[in-house]
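Should a chain be cited, it is by its letter among A, B, C and D, assigned in written order, with residues numbered from 1 in that chain.
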Amino acid sequence: MTVSVKHKVNFYDTDAMAVVHHSNYIRWFEIGRVEFLREAGITLGELMDDGYLFPIVDVSAKYLNPAYFDDQLIIETIPTALTKAKMAFDYRILREKDGIVLVTGHTQNVFTCRATGKIARLPDKYYDKLKIMI
Amino acid sequence: MTVSVKHKVNFYDTDAMAVVHHSNYIRWFEIGRVEFLREAGITLGELMDDGYLFPIVDVSAKYLNPAYFDDQLIIETIPTALTKAKMAFDYRILREKDGIVLVTGHTQNVFTCRATGKIARLPDKYYDKLKIMI
Amino acid sequence: MTVSVKHKVNFYDTDAMAVVHHSNYIRWFEIGRVEFLREAGITLGELMDDGYLFPIVDVSAKYLNPAYFDDQLIIETIPTALTKAKMAFDYRILREKDGIVLVTGHTQNVFTCRATGKIARLPDKYYDKLKIMI
Amino acid sequence: MTVSVKHKVNFYDTDAMAVVHHSNYIRWFEIGRVEFLREAGITLGELMDDGYLFPIVDVSAKYLNPAYFDDQLIIETIPTALTKAKMAFDYRILREKDGIVLVTGHTQNVFTCRATGKIARLPDKYYDKLKIMI
């Protein structure tokens, strides 16, 4: 199930080439991921309070077209793999007004125990919510 | 006692006006403040591990001249007030190659107890190190 | 006339004190300012394409209460002064769910000529739109 | 030829997990790339003034170990491919004090014409300087 969330490009997101700096899309993948969890009924804050972290271990992005100041973007987040220890997502970031795909990407995240920093097995109460979304 | 630290402008610090985005100088005041503490023999990490935080309560900045990509900057941090509960600093950010002052600023920080979030009285072991620097 | 715009705190906006890093509010004042212009019928992009820049010359902020990851914020922008050469704004950033004011601030911006970098006199087609909003 | 540059982790680089936010390493790859060009005798600013841009088209990163506030990092940049139209780099970011590799990565950049945005063929005066470094 694809989850979409909108994000408007701020002036501070641009760089001296007058386009969005490429590092920002990596941040916006995170916005997509957080929104995906929320759609599944999980807030990242809750998960953390419950002793789990969801750090990223791998990211890749292809920059196809630039975004500009004030562009309204659509961040699409698509789950591609889920186990109790990890979860992977694909992303597409499009410009709303012309539908052009600007950036595609992929991340791999793992569930870890906040106290130990080690890989954790996600409890069913969370896992079941995510499984439905795949 | 003025403490100086250098910082080079990165491409990602610029915006679509091809100058450094103004919010970055606020971050660079923090670099200056952290360096000031270090010069006094205190690392912010130690202070935090010891149960104290040093949050900012007030900031102001005047933007006099723009900085550009690749400029080598000098961040000067000057203590202007110190009690066991709070500390204030003035800042000057200059471009090294021409000595032009780009930004001046001021911050007020307080010492708080990490556990309670309330204003703390800084122990003498830290306070004495800071007092010498005034 | 106060212009309000919402902004949700992203995970990447937080710092190791688990609160929003103070530099982000300076960025969010910019979101408020851009939205204010839009409400007046002016987009910053248009203004720039027309040869004018709107750089900040002065900022101040008071940090009253911390914001946390996932907080929905309201950025209020209130014009306080306008001439053909400059414009000043006050800001209030509140948390939506409890209405608590987190940060207040003030900025002074000037209108400059993009080609020369010098202070410009804003043409009436823009000035009149802003004057109505005061 | 590997080019190394140091970078200290600032407090504003951390997130609420008390580690460096993963998006920052993507920015630090850029610091490495700019330093690589400089070592080759090319400043990115010059290149841009001369009508060329060097946008990124592809990035990937593996996050192996977290960096913390105040860590001194070493960014290693290794060229892996060069034509007159594009250049690829590998990166390794290590913590200086223990030599642990924190992040590895790869980017692909292209040379474009600033005026047209199209892929350009890099003039020999630049290309020759880069070729020596491979």
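The rule is short, and it goes like this: contacts are C-beta pairs under 8 Å (C-beta built on N, C-alpha and C of every residue); 3 or more make two chains touch, one makes a residue touch a chain.
What you are looking at is a predicted structure, and each value in this text was computed from that prediction instead of being measured.
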{"item": "Between A-D and C-D, the pair joined by more C-beta contacts", "value": "A-D"}
{"item": "Chain whose average C-alpha position is farthest from subunit C's own", "value": "D"}
{"item": "Whole-Å gap between the CA centroids of subunit A and subunit D", "value": "23"}
{"item": "Averaged-CA centre spacing for the pair subunit D and subunit C, given as whole angstrom", "value": "33"}
{"item": "Touching two or more other chains - residue numbers and ranges from subunit D", "value": "11-12, 16, 19, 23, 27, 30, 69"}
{"item": "Of all residues in subunit C, those that touch subunit A in their complex", "value": "10-12, 27, 30-31, 34, 43-45, 68-70"}
{"item": "Contact footprint of subunit D on subunit C as seen in their complex", "value": "11-12, 14-16, 18-19, 21, 23, 69"}
{"item": "Of all residues in subunit A, those that touch subunit D in their complex", "value": "16-17, 19, 22-24, 26-27, 30, 48, 53, 55-63, 66"}
